[in-house]
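Next come two complexes built around chain A: one with chain B, the other with chain C.
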Partner chain A sequence: MIENLWSLTGVLCVAGLTFLLGFVGSRRANTTPDFLVARRAIPTSRNAAAISGEYLSAASFLGVAGLVLKDGADALWFPIGFTAGYLALMLFVAAPLRRSGAYTLPDFAEARLGSTTLRHFCTFFVVCIGVLYLVPQLQSAGLTLTTITGLPGWIGGVVVIVVVVVNVLGGGMRAITLVQAFQYWGKLFAIAAPTFVLFAVFLSNPSNGSRPLTDEGAPRFTETARVVLQEPVVLDVHEPTRLEATGTVEGSPVDGPVYWAPGRTYRVGTGTELVFAPGTPVPVVDGSPSTNAEWLRAENDGLSGMFETYSLIFATFLGTMGLPHVLVRFYTNPDGRAARRTAMHVIYLLGLFYVFPLILGVLSREYLPRLLVHGRTDAAVLLLPGEMLPNVFGQILGAIVAAGAFAAFLSTSSGLVVSVAGVVSTDLLPGKVRDFRWATLFTGAVAIGLALLLPRSDASLTVAVSFALAASTFCPLLVLGIWWRKLTWVGAVWGLCVGGGLVLSALVVNVVSSFTGDWAPDVLLQPALITVPIAFATMIAVSRATARRLPEDVNTILLRLHAPDPLGFIQDRDVQRFGTAEERASQGRRRSR
Partner chain B sequence: MSRHDGAARPPGQPEQPLPAARDASMPVPSTKPPRRRRVVLAESRGKGGTARARTIVELEEQTSVGEKLVRDLIKQQLRTALGLAGLVLLLLGWMPVAFYLVPALSEARLFGVPLPWLLMGLVPFPLLYAAGYWYRRKAEHHERDFVNMVDR
Partner chain C sequence: MSTTESSSAGSDPTAPDPDAQKWIELQQSPDFVELRARLRKFVFPATGLFLAWYVLYVLLADYAHEFMATKVVGNINVGLILGLLQFVSTFALTTLYVRYANKRLDPAAEKIRTEVEGSAP
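Then we have the complex of A and B:
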């Protein structure tokens, strides 16, 4: 119980600090020039830290380690993709988008192609992507709170969404780059400190009774493990296993010792309690590698596994540029050149971060095999410190991790809520302050509703769906809009609808299938490899067919997007009103002297 | 976010910044309205005079010369970006196929660590950063060339 108290305190501290910073920040930074220009003199490195701070969500903080624990080498593509997305963003989008002066994707679409119809379609997809990205954040918050306190899962999600919505309504959070930058360093600390300590523990005492990972067979329990299943699972048994089970196995009630034969799968019902003696091989949730040898190897799922890997690379590489909460942040760069440098710095910061979840994932394979039984491996990072260090240090480390995880949910969720509510309030409502508040409430309500309704899956997998959606809608729009003169608004609308429609239908089919016995093919889980080329092709083909709809000022716009910053074509509402960053910086220096 | 940044303001805040807040955030002498500053964006580029102005006007007015210049710049930047993206995708993208076709690759070890873990856990991040660094240099180089050309 003490352990829970420590972790709970950590979580409460983060929530309290968020409120406080939001409150102070909203008092400090609430004028229009503050919002628009004050941050123009911010150094690239801090801006990059702010972007990373907002970007590192539950999927990165908990999900990556969890998938490494479960899927092994193939899961390494998630951190690669999450980072590589910023390279694509830097190569194709960052500088021109910044020079366009658009805050949001609908802004950009309207400025580039001059169509309000297109704008509305963009708004729709921004809402879809934002809400889809919010769902795993809230579900992971539920998982975190359940893991550390045993409270029912919905409470965590509700807590996060309430903190976020109240904070956004109060005007805090988003307005302050400093807070988000702090969030990055906070999260880095929260994952790096435990990693260093636990790795040292591992090195000083490598054989805690467990077999080394280099052992070919199934992972084994090192101590008596009691697993209660929260949802029905199918377990893959690789070696003869004796255990005690209370509940339902293969549809019939059991109570007492059972024997599971190797090479079979067993369907185990909700609420079943399984007790494993030390040294028993671990049965693994079906679909994950069941032996350590397989776990260490890459690509052992055959062709469909390879398709999934490539699809994931595609989705993350091209999807990052279409995430609403990422793009808005680039607006705080003074010019296109700084936007490019910021993106480069983000690659560095993310690469630095992702080393740690990888190590934690590998360590949890050694120490937390019981998570493989119910498949809720997202909890690995949270449980590992207490498992490896069953003393007060472990508890403190556990508290740090839990606090970091909550910081991840809060920062990403508030970034998403602000961008989605912003887009909804300007495009669907009259755009007054009151509309923004209603839009915030609406976004929060829809997100929490979906989070409670949809079946829980691994955070990284769910997040990958929103990457696929972004890659199939906004990636073609941005890339073609920035680099291709002949894009028309009709082509853009068709591309958005076809690409986005395909991903959304795949998602719906998946959800239906998960309620009715998992019949959907694996292709639908990660469809980006098919949908992105289709979206590009549709946009190009329809634009060619509707060439007479070409906007008249396309040359002026492309000039503005690509002309180097010193020429001064950058179009900014606020540069006109408040001056450029250099001027302001020099004035600031003069004043402080 | 442009039109609702005001919306993130707490209740009771006026739409326009208070005079005090305005002064604090904009250290502009009150005798000189900030609006003046906008037309002199190019001032810092030093001397050069009318010739430069004319090329910029050419760009702005979309004469054939100006349009050609911009087209070339865009093409150059796009070629760099596509080239680098292709290179990175190639350097990373061969791995799943290779590991699928040659399972022995997965078994190989370097310093006791299986090859896939080294190749996918460590190598990509420096590679991505290097690609970003290279692109930044190239892109800024192109832009400098463009500015110099227009300046002349």
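Then we have the complex of A and C:
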């Protein structure tokens, strides 16, 4: 179909452009010292755009709209949490962390507590968080490519990881702040332009033959919808529904018209085709609000719903500070004060971006109810332009969105692969350039392996698990490390292991349960509300018990973290190693003469 | 920009250099204590307030359905408005903090700096 051709061209353009920029970037020799030199000259606003560009991933670009379509008001928490995380980062860690001169989380841990054992544990969790964050990116790439071309799901993920790994190996995408900043504005355009156009279409033709969202009942199909299920689902039926089904329902084969009774759930097998006539109420995937009234209202399921929501808030609010690819970028700030300002700009930029997926999510509820049937709501943003504007214009908008989505996967994945590989190569291998390359291959291989192995879930939900892991490991380490002088390395190791271990176990139980009939309680989906306090408590308790292990220079270190920037207590390891920007610049001039 | 100062303090921080003594004195100086107190006075209450505001919303959404479903304008109910206010409040707190830092923290830091540099040989 010509529609696919447009979108495919968009995706190929983005991939090609990424390659090209990586190639140009690598020719300009982006080594660590160059990166460091660059940072003195980068204006705060551009740095903030670069952070946002790298941060806005599949979860933001596709996931938020998808969850709004499915869960309605409750999904508002995702964009709020993704943004508010930077508030916590700014209040607690931005400036002191920048002053510590640490380049990565393991660096910080070692500088603050002087333990290589702790450093290795930190490295392990950086890898876990990074890989967990990569998985939904790759899976969403698969979903995107399947949606626009019908190719099998694994191809998209493989394409993204290959582009990223080859690029990182070539040295591109590493330090190019300008490219990442451009990424932000590109993504903003890719989601804002379709939103404006589609919203105008909606305003000019608000009814579209459907019942408005103000209607309290179940959403309804506006035209004949044919849904083929690619995985088994359990559907929640709220109103009497007549449809045609071919395949398996409730374990027995069906072929022809069926009647589904209200208030029941139906188990529908893989490969089943469901055909709904216009005006039929939409059955939704079990667990999502089944009526528009519930959809518009936040919270419906009492204590467990409340736990889930607050747990998510906790994870995103406290987890952002522990994400490896975010932290590296903060290092490009010249001092603590600039780090503070950058965080503020990031919050504004992210807030601006998230307006658009929210609107697209609401529009999809009106125009794409069929996504509610198979639950693959992450595709909403991709399909909406073609659905609302079935002409060349819609196809072009669709291509813009698809290209933006791919840009999101590529930039976030690059940032993650670079930071994970950097940590692995410096900590576990001797840290030469060749080791960095092996580490890159290793990270890419593990990520794509897991992406193919693990069952696909909504991108935002999967990403939220890595936020939970970051919040249960690095948040206590950073907050206590910066604000509590009695932290010891033993306490830190115990806290990391207990907090991180709990989140990882919850994840494993969830995966096992999803293969064996979904028996795991909802609490395990987002355990941060329990695991974060436990991690904090463990760190404090063990540190008190091992008080004699306090580092001797704790006062000096804490002073350095909290001393005002103008005093010049910044101790950059890399500045020591490579010299300051000015020194290097003058050396460079001398060499060129 | 602090490159000149950072290169002067660029030696190993654990080594017992004359600087270290100066730092410890500085840390105990009333100005520095005041600076840290100001920072703490903002950061911790602000975080507490913010998390409490989130809890309030979640609690209201769960146990005050009637109130949250009260329609204000057309189809917009109290719940949605409060939800959007969460966004607004995030921006507000961010701006407040940056202002506070610029007004109350940076001048204090500047003062300490001039004192240190004034007393430097």
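By our rule, the second predicted complex is superposed on the first by the 568 of 593 C-alpha atoms of A that agree within 3 Å, B and C clash if a C-alpha of one lies under 4 Å from a C-alpha of the other, contacts with A are read in each partner's own complex, and residues count from 1 in each chain.
Please note the rule applied: a contact is a pair of C-beta atoms (placed from the backbone, for glycine too) under 8 Å apart; a residue touches a chain by one contact, two chains touch by 3 or more.
A quick note: this is a predicted structure, and the numbers were derived from the prediction, not measured.
With chain A as the common reference, the superposed partners chain B and chain C clash. Of the two partner chains, chain B is the only one that A:Asp107 touches; chain C does not reach it.
In the superposition on chain A, A:Ser419 makes contact with chain B only, not with chain C.
In the superposition on chain A, no contact is made by A:Thr316 with either chain B or chain C. Using the contact criterion defined above for the overlaid structures, shared-chain residue A:Tyr331 touches chain B, although it does not reach chain C.
In the superposed pair of complexes, A:Leu91 makes contact with chain B and with chain C alike.
Note on chain A: of its two partners chain C and chain B, the one contacting more of its residues is B.
In the superposition on chain A, A:Gly170 makes contact with chain B only, not with chain C.
With both structures placed on the common chain, the touch criterion links A:Ile557 to chain C but leaves chain B unconnected.
Applying the stated contact rule after C-alpha superposition, one finds that A:Arg341 touches each of chain B and chain C. Once the two complexes are overlaid on the shared chain, A:Ser543 sits clear of chain B and of chain C alike.
Overlap of the chain B and chain C contact sets on chain A: residues 73, 76, 80, 83-84, 86-88, 90-92, 296-299, 302-303, 305-306, 309-310, 313, 317, 337, 340-341, 343-344, 347-348, 351, 555-556, 559, 562-569, 575-576, 580, 582-583. On the chain A side of its complex with chain C, the touching residues are 40, 73, 76, 79-80, 83-84, 86-88, 90-92, 213-214, 296-299, 302-303, 305-306, 309-310, 313, 317, 334-335, 337, 340-341, 343-344, 347-348, 351, 552-553, 555-557, 559-560, 562-572, 575-576, 580-583. Against chain B, the residues of chain A that register as touching in their complex are 26-27, 30-38, 73, 76-77, 80, 83-84, 86-88, 90-92, 95, 103-104, 107, 168, 170-171, 174-175, 296-300, 302-303, 305-306, 309-310, 313, 317, 328, 331, 337, 340-341, 343-344, 347-348, 350-351, 354-355, 358, 418-419, 422, 425-426, 431-433, 435-437, 483, 555-556, 558-559, 562-569, 573, 575-580, 582-584, 587-588, 590-591.
Note for the complex: chain B touches chain A at residues 1-10, 13, 16-18, 21-22, 25-28, 34-35, 37-38, 41-42, 44-45, 56, 59-60, 62, 66-67, 70, 73-74, 77-78, 81, 84-85, 88-89, 92-93, 95-97, 99-100, 103, 106-107, 114, 116-117, 120-121, 124-126, 128-129, 131-133, 135-136, 139-140, 143-144, 146-147, 150. Contacts from chain C toward chain A in the complex involve residues 1-10, 13-14, 20, 23-24, 26-27, 32, 35-36, 39, 43, 46-47, 50-51, 54-55, 57-59, 61-62, 65, 68-69, 75, 77, 79-80, 83-84, 86-87, 90-91, 93-95, 97-98, 101, 105-106, 108-110, 112-113, 116.
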